[in-house]
Every structure is written in C-alpha cells, then in structure tokens.
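Here come two complexes built around subunit A, the first alongside subunit B, the second alongside subunit C.
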Partner chain A sequence: MAKKISKKDIAQLLKTWSQQFTVLAPSRASGVAEMAEWDGKDTSFLDWYRNTTVPPKASFLPPMEEMFRFRKDEEGYRIEPPDKNGRKQLLFGIRPCDARAMAILDMTFEDAYKDPYYLEKRRNTVLVGMGCTNPCESCFCTSMGTSPTDPTNVDIMLIDIGDHFLVEAVTDKGKELITKTKDLKEAAKSDEAEAEKSKETSYNKVVRKLDTKGIKDKLRDSFDDEEFWEKTAAKCISCGICTLLCPTCYCFDINDETDKGEGTRFRSWDSCGFSAYTKMPMENPRSEKWRRVRQKVCHKYEFYPMAFDVIACTGCGRCIRLCPVNWDITQVIESVPDRVKGAK
Partner chain B sequence: MMEQKLRQEAKALLEQKKVDWIVGFETGSLKFTTTPLITKDIADTERLVINPFITNNLANFLTEIEGRVGIVAKGCESRSIVSLIQDNKVAREDLVILAVPCPGIIDLAKIERLVGKDRDELEDISRDGDKVSVKVDGQKKDFAVADVLFDHCLACELPTPTEYDILLGEPRLPTPDLKASGQNIVDLKELTSAERWAKWQDEMSRCIRCYACRNVCPACFCERCFVEETEPQWVMPMPQWPDNLIFQIIRNIHVAGRCTDCGECERVCPVNIPLRSLTREMYDIVGELFKFKSGMDKDALPLMVHYEQEEAEEFFK
Partner chain C sequence: MTVSDISKRPKFFAQDNVYMPHIAVIEKIIEETPGVSTFHFNFKDKKLAKEFSFESGQFAQYSVFGVGEAPFCISSSPTRPDHLELAVQRVGRVTNALHRLGVGAEIGFRGPYGNSFPLNALKGKNLVFVGGGIGLAPLRSLIWNVIDNRDTYNKVDIVYGARTPADLCFRYDLEAWDKDKTINMVTTIDREAEGWTGKVGMVPKVLEEVAPSAKDAVAIVCGPPIMIRFTFPALEKLGFTPAQMLTTLEKRMKCGIGKCGRCNIGDVYVCRDGPVFSYEQIKNFASSEY
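And then the complex of A and B:
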C-alpha cells in the first residue's frame, strides 16, 4: 500500500533522511540549478523546480574527480587511492528522464566495464524520484521510453497529488527505507486515484514528439552522406554544452597534476564535440565539425542501440534548451534520410 | 517589411550568383527563439526572419565558411565583421552585408525574472516602440523596453551598421544608456578587493569548461586555442576555479581590441557566469587607454598588432 506526505512536511522528511544519508536536492544556491547538498531547511525547489541545468549524473560522474595520488621515492612510484568517502547519499527529486539516464550509464560503467569510482557512488545512493507536473517545451521523454511520472529507475517515487505527494516504493532498497520512515502517512484509495489522474495529465503535457522507428538503420545507411552531415552541422559551434550537460554522455579526459615527483591523477568531463578531443594520446580523427556532430548523433541513436539495445537519449531536452544556436536533436533525427524507402 | 526586403535581396543574391551562401536567421524550434540559417539553397531564403529574438552574432560563422557570403548584420555583427576584416580573417570583397537597423534584442532571462516564469511558460512577447508586452496566464503585462533588452544592447553605439552593401530599413540612431548597461560592473567595483576575489572564485567554480563563451565569439578565431595546447600545458583542462579563471582572463586579454561587446559569451553560458562584466570592462579600458573602438573602421589597423610612436608606455618608445 502506498504512502503519502504533505508538501509542508518535506523539510521534516529530508531532516529525517539526513540522519542517515547525505541528502542532495534541487538547488540554485550556487547560481545554477543542480543537485546540491541539502542545507537543512530550503524546500523552495517545490515551487521552481522543473529540472536542473546540471544533470544528476554529476553526483556519480563529477565534472572532475581524483582517481589516485602518486609519488616517486627511491624504490619507484607509489600509488595511493583517493580517500574513500563511502558516504551514503540520497538524491531527492530526480526526474524520470534523468533516472533513466542513470540506468543507461550503468550499461557502460557496470555491464561493459566495472568502473569503481562510478559504482561506489551508485551503490551508495538511494534515488527518490519526483514526477513532473510541468514538463518543458523542450522535453520529449514520452518518445524515449519513459514518461514524466515513470517510476522504473528509482528506488522511491513521488507523484504530485495537489498538497501531498503519493509515495511509492519501487525497489527493495526503497521499501526498506519507507518502512523505517515514520514521517509518511498511509495513502487512501482516493489518493491513488488522484495520482493516476495526475500521471495522465502530466503525460499529455509532453507535446514534443520524436519518431525513432528504424533510426539505427537509417543512421547506418546515412553514415557516408557527407552532404547531409555538413548541412546538419553547419550552425553548430562545437561547444560542449549539449554533451557535458547531457545526462547520458560520459566521455572523460584524464590528466595528471604533478609537482616534483608527486601528483594526482584526475578525470574530468570531455566532449566528442571538441576539436581537441583525444588529442592527448594521438590526434582527433574527427577534425571536421560534421564528423564530430555525426559522432554525437550516432553514438546516441545508432552505436548505443547496437551495443545495448537502447537509445542513449531520454528526451530530457537540455541539449535543445541550452544550445547557443538552437541546434535541435529532434529536428536532426527527423531529417535523417530513409534510404530504404527512397525518401530524401 | 524589413523581412520581405531581406528575403527578396537574399534570393536575388543567390540567383545572380553574387554570393555562394546566405547567413541569416530563421525561426527557432522553441518559443521566442531564432536559429542561424546557413544556406546555398534559394528556396531557404523564404525562411529568413528579422524579429526581436535574433540573438546570435552571425559573424562567428564567417571564418569557417568558404566562398562569398551574404550576411545579415545588426550593428554589433557588423562591428565583428569589420574587426575580422581588420585582422585579415575575412575579405570585404567576399561579403555582401545586409544591414539590419537594430532596435535591441530582448533578453528572455530578464523577462523570466520580471514575471517569475520560465520562457516556455509565456504565451506571447510583443514589442511596440518603447513598450514590450508579455502575455502570461492570459494576462498582459507591459514593460519598458529598457528593462527587457540585453545589457549590451543598452550600451549599443552602433544600432545600424555603417559598413554595409544593402540597408534593409530606416537607420536608427544610437541612444546608449551606459549607466543601466553597466550596473553589474558598478556593483562589482563597490566591493572590496577581497570580496570581489571571493565573488569571482564563486562564479568561476561553476564553470564546466564547455567553451561556449569562446566558440560563440567572433573575436576568438585562433585555430589553436591556448587552452588546448598540451606541450606545454598552459591551463589544466579540469574545471577547477583557478584554471577556469585563468582561461577567462587570458581569453579576455586575447580579445581586447576585438571584442565589440556583443554579449554573446554571457548569454550562452549555461551556468550563468556574468562574463560580460569582464569583457565590457576590458572594452572600456581599451577605449580609455588607446582611444580605440573595435570594429568601427575597416581601414583602421588592429589595435594589438600594430605600434605607434605615441605609445602610452615608455617601454615601447
């Protein structure tokens, strides 16, 4: 049976959870909307929060992080692992699109490789999802296998039912936490009915649609169509906004900061859109802009489906609303020629 | 009116093969946006628009397009074009400049702050002279145009290009309001040096090194940017605030005498760093020290690459 909580009691709920977890919640305190450590009182996000600018992937794959420290002595190099924080964190209010993005990232960082930095944080985190009631104009999640209220990829899901949230446990981890949380009340049948209505209303508010049928094959067949890609890339300025702030993009660069025989190895976000991408080991094989744009599109809509049978895009719309030139992935995907049908 | 004339002129330029490319604006995919239209296709000229949302500085594309270009230019764009001509990055004879007398561009972020709603929640924005009406939740709210234009537009010294081939409308005279435009900088200057240092540390801590500020800037035309040099490495690529700050400071110095205060760097920053506070201050310093305004005269020598007997510094004499 589902639980519920009054919106007025969210601060109390987060206080309770703060005893056990480092609670992260939507915040604009730094000057940009992101998931930040909860300050113990602010719940103003309940009014302004639609989605964060910085995606929650930053809590698992931070913009920069220490991999290890090293120093040289008479016997050679000594490697020291970074201080393990080992802290348990709770991400409060993650949107379904971004939660799906975490599941997509898991395929690379857990299934294909075992990335210890990512996995430690991922395993130590509880995801508390919050359904959207006011999706953005740029959102197209309902075309990308999820929806504004999809509970699939979180531990606990909150659905807006007016002055309350309906609280549903999704995973065992979520069930266990809910059982122990005394701040929650039993939900009535009418609350659950209200939640169903709320879900439908939100779903219908996502007006941007994208037809991805056959896209993997269409992209494969268009790979060598230089004219198409040049046209598609013409207005792109090769900045890193759409990739760095994409919840499913995970490219990183590795750098050492050294000083007299000792130093630290860091990894930090990188972008296939940059002309200097992979320049450190060799050269960037994609020197022309259209090749980089093609890579970005194909990685999400062709290569990821080839490797993991899922499109690495969740329709969060950040790349559309943050792009300096309004380069719109949905328009690009729709314009890929269908060579089988002969349409151009 | 201007739009119709633009479409006709652009179409004629392509038809008569006077240009290979047209670079202008078309309607964007989100409310109140436009997007650059870069095309060789005559039919595409029907999509060209001129409206209060033509934000991009199109001069940015000139250094990468090969061939002759018909380019739509507001005053600020024309200054960037002139600056590129001064630096020999673009040849005047390869350009047909379609000049737009510009009444200023609407800053959606200012409207969002004034009405407390995001841009996609607004129903309509319309401008009538000095008044801008915003329709939200069925209600119309009126604002003075000075409250909703970009800060850099408030300081505009050249609404109508003086370097052009085709003028698309009645020239507009500049009415700069430097006080309103520079309020952020005045506020910064009122801080103590320690407070200002702390503030920039905060601002630069948000930087994710997407380089949108650099890539959107027509004055940033280096083929190899110093941040991408790896041997030696000048700046660490990780987004830590000291490196982020160094990146901005060096970038700012590199565009001194080229920056035309088009404001694009600040507009595109996804993490809201007030970059124009740096670039505009540099613009004013350049004006004060060298009596130089970038992009005003295509025959003037570029500021940072020539030398005069009357240099201010003894060192150079």
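And then the complex of A and C:
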C-alpha cells in the first residue's frame, strides 16, 4: 500500500532521513542548481525545482575526485588509498530521466573491470525520485524509454498529488526505508487515483518527440558522410558543456598533482568535444571538430546501443537548454539520412 | 560487441581497486636510440614479483608519480619472468619524465591489461613478423616467446626496419635473431647510409621482396601508422587474407580498462577489447577511425 506525505512536512521527512543518511537535495546555494547536502531546513526547491543544471551523476562521479595519495620517504613511494567514507547518502528528488541515466552509467562502471569509486557511492545511496509536473520545452524523455513519473530506476518514488506527494516503494531498499519512516501516512484509494491522473497530465506535457527508430543503422551507414558531419558540427564551438553536463556522459581524465614528492592522483570530467581528449604525441584521430561531434552523437545513439542495447540519452534536454549556440540533438538525430530506405 | 569477457585473462594485481598502481623499481636502462630507452624493472614487493603473470601483447599503465600515467606494452616475454621490460620513445610528458629516471628509481605499474596475441591460433603456423621503429617492442615479447617454445611454431620470418641505422631498436635482439638458424631475419633502413651493408628500402617494399608464403602463415605487424597502412596491402598482394594479419593498436588511454572513454573505435575500446586485433576485425569496426 502506498504512503503519502504533505508538502509542508517534507522538511520533517528530510530531517528524519538526515539521522541515517547524508541527504542531498536540489539546491541553488552555489549559484547553480545541483544536488547538494541539505541544509536542514530549506525546502524552497519544491517551488523552483524543474531539474538541476548539474546532473546527479556528480554525486557518484564527481567533477574532480581523489583516487589516491602518494608520498615519498626514505624507503620510496607509499600509496595511500582514500578513506572509504562508507557514507550512506540519500538523493532526494532525482528526476526519472536522471535516474535512468544512473542505470545507464552503471553498465559502464560495472562492465568487465569494476570501478570501485563509483560503485561504492552507488551502493551506499538511496535514490528518492520525484515526478515532474512541469517538464521543460527541451525535454523529450517520453521518446527515450522513460517518462516524467517513471519509477523504474529509483528506490522510492514521489508523485505530486496537489498538496501531498504519493510515496511508493520501488525496490526492497526503498520498502525497508519507507516501513521505518514514521513521518509517512497511509495513502487512500483516492490519492492513488489522483496520482494516476497526475502522471497522465505530466506525460502529456512533454511535447518534444524524437523518433529513434533505426537510428543505430542510420548512423552506421552515415559514418563516413563527411559532408553531413561537417554540416552537423558547423556551429559547435567545442565548449564541451553538452557532454560535461550530460547525465550519461562519463568520460574522465586522470592527472597527478604534486608538491615535493607528495601528491594526489585525481580524476576529473573530460569531454570528447575537446581536441586534447584523444591527442597523442604524434597524431590525433579526432583533431577535427566534425569528428568529435560525430563521436558524441554516435557514441550515444550507435555505439552504446551496440554494447549495452540502450541509447545513452534519456531525453533530459540539458544539452539543448545549455548549448550556447543552440545545437539541438533532436534535430541532428532527425536529420541523419536514411540511406537504405532510399531517401537518396 | 558485447561486454567483454576478461575472466580468462591474467589477473590484474591491484588489491580491490583496479586504479591502484604497484611500486616497481628500475633495475637497468638500455639506450636503444637517442630517443628510445628500454627499462628493466621489477616489483618492489617480492611476493608480487613472483606471482605476477601476463601474456605477450598485453600492456600496462606506468606512472611517474607527480607527472602522470601512460600506457605501454610489456616488451619482454612472459617466458623470461625474472624481470619486466618497458621500451619507450621520448615524445610526451610522461615519456620525458620516464627518460629522466635512473636505475633505482620507482615507478607505478598497474596491469596487465588488454588482450594478447592468440598463441593457440599461432601454434604450428609460419609466423611473419613485420616491425618498424619502436613498433618492435610488442612484437619482441612474442618473438622471444616463440623462440622459447620454438617447436610449437613453424617457420619464422622477421622483417624489421627503421629510418636510419641509428634508429634501429633492440640491436642485441636483432643480432641474436640473425644468428638463429631457425629464423629468417631481414633488417632494413629507409635510405642508403654509410657503412650499412643490410637491406635498404621501406618495410612494406622489403617485405614484398622477402615474399614470405601466405600458406599456413600469420603476419604480425606493428610500427608507425604509415608503415601499417602500407603493410596490409603488401601482405594482401602476397596472398594473406585480412584474418591472417594481426596488429596492435595505439590510442591515448587514461584508465586502461574501458571507462575513461577516449580510446574507442566505434563500440570497441582498444584498451579493453584490444590492443591486438586482426585486420579483418579492424575492417569490420563500426568506425573507420582506427
């Protein structure tokens, strides 16, 4: 049976959860909307929050992350792994598009060699999703296998039903937590009916659609169409924002920082939009901009589906909203020629 | 391409964290050419030195602490496990820093990563090694491996070239292989040079002159991209099919394990799914960006 909570009791709910978890919630304290440690009182995000500018991946793959420290003494180098903080986190309010993005990222970080930094944080985190009631014009989640109220990839899902949220457990982890949380009230049949209505309204508010049928093959057949890619990349300024702030982009760089024999190895977000990304001393396979744009598009819509059977895009719309030159992935995908069916 | 199966590969020795390097100590440095040196090294942890195993063709991530990490093949053979060898050309930040290190210096090592030359498929075959410059480094791991199990393989041809006599790497190996009666060793330089009595000409051209038979043969090619590009057609002329040609690819890599993104060619990660590929595989890549 579902539970519910009044919107004005959210602060109390987060306080309860703060006793057990580090609670992360939408915040604008840093000047940019992101998931940040909850300050213990502010729930104004319930009014302004549509989605964070910085995707929640930052809580698992931080923009910059220490991998280990090294130190040199008389006996040589010593390597000190970072403290396993083992901190239990609760991410409150993640949108379904971004929750799906986490599931997509898991595929890479769990594949073959396990990534300990990402997976530890992932294991220690409870995702509490919050359905969208006000999707952006740039959103196209309903074309990408999810929806504004999709509970698939979270532990607990909240659906807006006016002055309350309907609260549903999705996973065992979610069920366990909900059972223990006394702040939640039993939901009535009418609340559940209200939630169904709310879901439908939200769904219909996502107006942007993208037809991805056959896109993997279309991209494969267009790979060597230099003219198409040059045209597609023409206005891109290689700023990298569409990748850095993409919830499914995971590329990173690894570097050392050192001072007198003591230092840190850290990793940081990187982007296939940058020419240095693939640069080797003697050559660079993607020195030209159109090759990098092609890599970005094909990685999401062709290569990721080849590897994991899923498009690495959830329709969150960030790359459209944040692009300084209005480059639009949905227009690009729609303009990929269908060579087999005979457009030309 | 599905998720790659790494379960049959030699275990990587990195506690529970695949990014954590082991400390290795440089034991000897051989200056191959003015820009290339070979570093002999061993793990500081004696137990690890004993337990460590790898296969010819695999690579590792080497650290100069404070400067960074870069991927290089292990250029020694697993049949000679008393130390490991790393041959590098001084071209970038990490390689320059490596070249400044002396005997006794400590480096970081994590690996082995990647796939390896398919030894089982090479059994009983005639092997044609085609190398250029420092591209001999991954080949020599396999060549010594073959020599140390000589009865397992058939005929061996080696065609190796460099720009000038001074650019020939591993001259002590070239001499040893030249003396080995079971090996046909051909060394060439690009242009005539004073005192040079060996072959003159680019590797693909000399390969065509040597004309090894494609029958029951596998060619293993590694060198500068331009050499590889001309060697494949030369081999095709000699009757080799793309499946009979192997090479090892080089890309910028940071993680070495298929996460950081940059070494991909289509859906293939060179670090995770390679670096050893047949020309047939390369031709079938989802991307023409190799």
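Simple rule for what comes next: the second predicted complex is superposed on the first by the 333 of 344 C-alpha atoms of A that agree within 3 Å, B and C clash if a C-alpha of one lies under 4 Å from a C-alpha of the other, contacts with A are read in each partner's own complex, and residues count from 1 in each chain.
Here, a contact is a pair of C-beta atoms (placed from the backbone, for glycine too) under 8 Å apart; a residue touches a chain by one contact, two chains touch by 3 or more.
A quick note: this is a predicted structure, and the numbers were derived from the prediction, not measured.
J.: Record, for the superposition on subunit A, whether partners subunit B and subunit C clash or fit.
T.: Because the two structures are overlaid on the shared chain, the partners are seen to fit without clashing.
J.: Given the touch rule stated above, what does A:Lys279 touch, subunit B (first), subunit C (second), both, or neither?
T.: A:Lys279: touches subunit B and subunit C.
J.: Once the structures are superposed on A, label A:Cys136 by its partner contacts, choosing first (subunit B), second (subunit C), both or neither.
T.: First partner only, subunit B.
J.: For A:Ala234, is the partner it touches subunit B (first), subunit C (second), both, or none of the two (neither)?
T.: Only subunit B is touched by A:Ala234; subunit C is not.
J.: By the touch definition at the top of the document, which applies to A:Gly31: first (subunit B), second (subunit C), both, or neither?
T.: The answer is first: A:Gly31 touches subunit B but not subunit C.
J.: Which partner does A:Asn326 contact after superposing on A: first (subunit B), second (subunit C), both, neither?
T.: first
J.: What is the contact status of A:Cys251 with respect to subunit B (first) and subunit C (second): first, second, both, or neither?
T.: second
J.: Once the structures are superposed on A, label A:Gly263 by its partner contacts, choosing first (subunit B), second (subunit C), both or neither.
T.: Once the two structures are laid over each other on A, A:Gly263 reaches subunit C alone.
J.: Vertex at subunit A, arms to subunit B and subunit C: angle between C-alpha centres to the nearest 10°?
T.: It is 90 degrees after superposition, to the nearest 10.
J.: Taking the superposition on A as described, I'd like to know which of subunit B and subunit C A:Gly86 touches: first, second, both or neither.
T.: Touch partners of A:Gly86: none, neither subunit B nor subunit C.
J.: Minimum Cα separation, subunit B versus subunit C, post-superposition (Å)?
T.: Taking the overlay as described at the top, subunit B lies 6 Å from subunit C at its nearest C-alpha.
J.: Residues of subunit A that sit at the subunit B interface in one complex and at the subunit C interface in the other, please.
T.: Comparing the two interfaces on subunit A, one with subunit B and one with subunit C, the shared residues are 253, 255, 270, 279-280.
J.: Can you list the residues on subunit A that touch subunit C in the complex?
T.: Against subunit C, subunit A makes touches at 67-68, 70, 72, 76-77, 79, 81, 108-109, 111-117, 220, 223-224, 250-256, 258, 261, 263, 265, 267, 270, 272, 277-283, 285-286, 291, 295, 298-299, 302-304, 306-308.
J.: Applying the document's contact rule, which stretches of subunit C touch subunit A when the two form their complex?
T.: Residues 1-6, 12, 15-21, 23, 25, 44, 63, 65-69, 91-92, 95, 106, 108, 224-225, 250-252, 254-255, 257-264, 266-267, 272, 286-290.
J.: Touching residues of subunit B toward subunit A in the complex: what are they?
T.: The touching residues are 28-31, 33-38, 56, 60-61, 64, 118, 120-121, 202-203, 205-206, 208-212, 214-216, 228, 230, 236-240, 264, 267-268, 270-273.
J.: Give the list of subunit A residues in touch with subunit B in this complex.
T.: Going by the criterion above, the answer is residues 30-32, 50, 53-54, 63-64, 134, 136-138, 234-235, 237-241, 244-245, 253, 255, 257, 266, 268-271, 274-276, 279-280, 289, 320-322, 324-328, 330-331.
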